Amino acid sequence: MLRFGILGAGRIGNVHARAIANSGRATVSYIADAMPEAATKLAGIVSAKTQSVEEIIAAPDVDAILIATPTDTHADLIEQAARAGKAILCEKPVSLSVERIEQCLKVVENAGVPLMIGFHRRYDPNFAFLEKRLRAGEIGDPEIITITCRDPSAPPVSYIERSGGLYRDMMIHDFDMARFLLGGDEIVTVHALGGVMTDPEIGKAGDIDTAAVHMQTASGKIVVITNSRRATYGHDQRIEVHGSKGLLRAANIHDTTVELANENGWTEDKIPFSFVERYQLAYTAEIHKFLDFLEKGEAPRASGHDGLMAQKLAEAASESLRTRQVVQLS
Amino acid sequence: MLRFGILGAGRIGNVHARAIANSGRATVSYIADAMPEAATKLAGIVSAKTQSVEEIIAAPDVDAILIATPTDTHADLIEQAARAGKAILCEKPVSLSVERIEQCLKVVENAGVPLMIGFHRRYDPNFAFLEKRLRAGEIGDPEIITITCRDPSAPPVSYIERSGGLYRDMMIHDFDMARFLLGGDEIVTVHALGGVMTDPEIGKAGDIDTAAVHMQTASGKIVVITNSRRATYGHDQRIEVHGSKGLLRAANIHDTTVELANENGWTEDKIPFSFVERYQLAYTAEIHKFLDFLEKGEAPRASGHDGLMAQKLAEAASESLRTRQVVQLS
Amino acid sequence: MLRFGILGAGRIGNVHARAIANSGRATVSYIADAMPEAATKLAGIVSAKTQSVEEIIAAPDVDAILIATPTDTHADLIEQAARAGKAILCEKPVSLSVERIEQCLKVVENAGVPLMIGFHRRYDPNFAFLEKRLRAGEIGDPEIITITCRDPSAPPVSYIERSGGLYRDMMIHDFDMARFLLGGDEIVTVHALGGVMTDPEIGKAGDIDTAAVHMQTASGKIVVITNSRRATYGHDQRIEVHGSKGLLRAANIHDTTVELANENGWTEDKIPFSFVERYQLAYTAEIHKFLDFLEKGEAPRASGHDGLMAQKLAEAASESLRTRQVVQLS
Amino acid sequence: MLRFGILGAGRIGNVHARAIANSGRATVSYIADAMPEAATKLAGIVSAKTQSVEEIIAAPDVDAILIATPTDTHADLIEQAARAGKAILCEKPVSLSVERIEQCLKVVENAGVPLMIGFHRRYDPNFAFLEKRLRAGEIGDPEIITITCRDPSAPPVSYIERSGGLYRDMMIHDFDMARFLLGGDEIVTVHALGGVMTDPEIGKAGDIDTAAVHMQTASGKIVVITNSRRATYGHDQRIEVHGSKGLLRAANIHDTTVELANENGWTEDKIPFSFVERYQLAYTAEIHKFLDFLEKGEAPRASGHDGLMAQKLAEAASESLRTRQVVQLS
């Protein structure tokens, strides 16, 4: 069984550690966190030990490093793990800087270690099934891709201040999803709109909370993305692809199938308010796909290159918002 | 253009008169009603004249008689119209007495006039499309038919007292729908349950307001019907057929497609509370099918025999409730 | 009863004429068309007479002129009718030229006659109900408006060549819908994407067949529109408004509520392939709202100013596509 | 952590063993099965040992016995486990004989051990949420309960021959669900219909494959159940409760939320074909509720008495089918 060292015992580290422990195919050997109690607590849950980041990366009984630390440490830790010859599963993004990502990917390439980026939505059973059917040609060529992503509520302003902004922090998942669905037809034109509508504090922090980006690929396909940091009705996550032979869409998941009819109408149950709950199956599948990548040689569903390309789109959107102009990518 | 004489200017007479006037294929010549003002008012709307029932039936410029008077007059009026050589479209039921229906149908047969019974649901676009697909074999042989019918609220107790009871007054439409869907495989076993749950006054009037009947055909197919005189959420009208190759169902129609999502869930719009609104398209189609019957020689979708058979099932259900036994039909 | 003169007996003229004849509140007196047989045929259906355009506009027994002629005649006919003191209901657009619209509206203003523009979607019961609930504050302030409009198939290329292009011919309805929903917060920023994906002949005619426009209002609200001239699954017409307190959306109408379940999944019925069928209730409501405007003094739901503003947005989108730049409206 | 001994390593034993192993609150100590390899294999998966049934029941390091052996052994094993002072979670039914169940429950009562019956549907998140909202009064008093249960395909005829028949083997879950929803208002009237429609071999084995039962409670509430052993579209599992203030229903779960629109209509994804997949969350919740029962003293959601009462209804339905009469329960 593959042995993981986990760097970072925060919310996302917890999700990954549990998914590994329940996979039946891998174990968590060590956990590190800047807050020792967090590492200790999580280690207890998944029967692991705590060590320092450096010790874990160097440990001979660790086969793979899962990086779930703050964003600004990702690139350095990837390089350290790569040089130590470990397989790497790193949470997005590799870095907020495109240049830094490119450097980092070279180190990985030189080290020859496997690297997969944690774009968990690619593993969501709904989105993955939509992509599979799209690839199988069920709706012919895709022409318009519409991605809707709205979070129940914004993260703390302290987080937003260091996040790189909505396009890099939140919409990056949608940029990656667009590329996942486009299947190689790269985006060349980007225009972004955005505003502060949900919380003026977000504006004071220099960010936006509501945004739309539309983009066009080299071959002319259109991608439309909308984001909001606040949706009173939950974690709104939808994809729709209009193609030459039909339309495929993945709707929201509801908490239950229970419906109430009365004089107010017919009310379906809520959708999840927690991304952990919404993407529970995705995180589980992600670990299995990482193991398939390592053990069966299957291509990683999201590679370092995918991480780089999504970041470039986030850069372009950020620039478009700043300059109020269309941005062309080469 | 075919010329109608309409007997009865109540709610259902109004629905029919307007449907005829808007059909573009027929006109209303005369209207009669026990309340002269009602006849006069409706005549004004559809550009007709008022006359007595006897005059209308005898009128040479009337081709067809539409009977929308109280139930206890139907059989007599059918016979009079038949003897006058008129085509007849009569609201259900022909009579609350099976024997009376049989007599009446003989008169019609001897007169050789066309007769169609107003089981409007057979003309509902949803139910008609379901039946068409069932007949086309899309789900193979039907095995279990489930019919749900719930009214927003009960008619006045004064009406209920003379209605013949829930099975004859309300569920008769479901008995007819079952036969429509069964396509000739007649029902031989009937068991009925019922109770007073919505209004004790209905019980005092000797009737029930909530009921279930299940039945079996000669070949073994199963039919399940449930009724309630009160649904807070509107006019609940659903059909479901489980067959050897799949399932067909007709869901409720909603007022609009507008949906609201908020912290309470996702709420679809209400369904109609008025049967006139719910079955508006059905009443229009019914007139056209009657005209197709007269002009093109198409078989009537609901014949006098269908009226008789539905009444027999209502009788059986009423007897089953009374005796608390299963009733076998020959 | 108000008396209409109808100019143009094509497809849309037919729809309006029938809606008027069935309204019970107005009649069609005269019909004109460049093809006399078309006028004669429609006149027969709605019990009207045929006359020349000039005669109809001058006729003392005509209260209102309905203009359903080719686009390039609209502005001239509006002016003639206005000078003759007639009330006017004109199909969109007033003109493909913003300047021409402005001139024309001055003539109408000077004449002091009522003018309403035929943006039929404002009268669709679904969209109208959504707007009503939005205005009532059910979801607080609107933040992101998403409008999806896809036609089953493109009009003939000969039509497209004279249409002014997709933004002016097709998306203009969506521009108007956006303004209807925004309720006075005007759009100031427009960026358009487009391409030829469904038929190269459309490209040769100088137009596009697939398009996305996103826009922002003075207060920052975002509007996203996508169009396609070809949808294999029918006339896709959806609206969604994300607001501060929730989400309102109007889904597609299906032909029936019948659903089939088998080994392939659960299949709902198709949506309409004909805009006449899709918007039948909208056209009926439009006539009634025009009559309410004339008789009860209610504000027209779509005024000449609304026609002008939608055209300005279509201009801006066309310019954006041509220059590949963002267009700012003053 | 509570230590389980599992008797029976078949399909359902596997489901339970994994649910226990993944619960984080309990472990599997021992597994027994008539086929030693099955026990050994499952033991390997959940890190348990194999032993004989007698050894497991006697083992001091076993706190609870989970019985997942063939039906005809349940009552004996419950008694043995009870006399050994173990807590017991037994798959339904306790016995096909009502008398045997009564004897067995006395033994359990005398031993004073906790007993819970494995009616897994009571733990399904959808059905449990429906029941919770029903209990909370969201739709007032329940009046008509409709339960739809259809399996993708029948078990082997060899199984059916020993199963006690459809009412005892399959519909027993629906009888229990009806009682769960009725909340103490016991059923007094039962009438059953049934037939062989899917496979004549089932008829030769003396059983039916398609059935409807309707029932009435002491207070008059109506319950309607329909079953089929074969549904081409999957494991159809639905509940609907019509109440004095509205309607609550639990719809089917679909494999994904992906939907395809094309010229054939709009097709939602399939529903599960495997009951293990369909009720995965229910089996997990069941283990947790059993642990809550043991550790927190919460009442078992399905007690031995519930097992007895469901069996009585299955008896009544079987008798009704045989005699073609209504059966009254005291």
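In this document, chain identifiers A, B, C and D correspond to the written order of the chains, with residue numbering beginning at 1 in each.
As a working rule, a residue touches a chain if its C-beta (ideal position, glycine included) is under 8 Å from a C-beta of that chain, and two chains touch if they have at least 3 such contacts.
Here the structure is a predicted model, which is why all the values come from computation and not from measurement.
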Chain located farthest away, centre of subunit A as origin (C-alpha): B
Selected pair, greater C-beta contact count between A-C and B-C: A-C
Between subunit A and its twin subunit B, rotation from the CA superposition, multiple of 5 degrees: 180
Mean-CA-position distance for subunit D and subunit C (Å): 57
Centre-to-centre distance between subunit C and subunit A (centres being mean Cα positions), rounded to whole Å: 41
Residue numbers of subunit D (touch at least two other chains): 232-233, 236, 245-247, 260-263, 269
Subunit A - residues contacting subunit B, complex: 232-233, 236, 254, 260-271
Sites on subunit B touched by subunit D in the complex: 141, 143-144, 146, 148, 150, 189, 191, 193, 195-198, 210-212, 214-216, 220-222, 224, 226, 228, 230-233, 236, 242, 244-247, 324-326
Subunit B residues touching subunit C - in the complex, by the definition given at the top: 22, 24, 45, 125-126, 129-130, 133, 138-139, 245-253, 255-263, 269
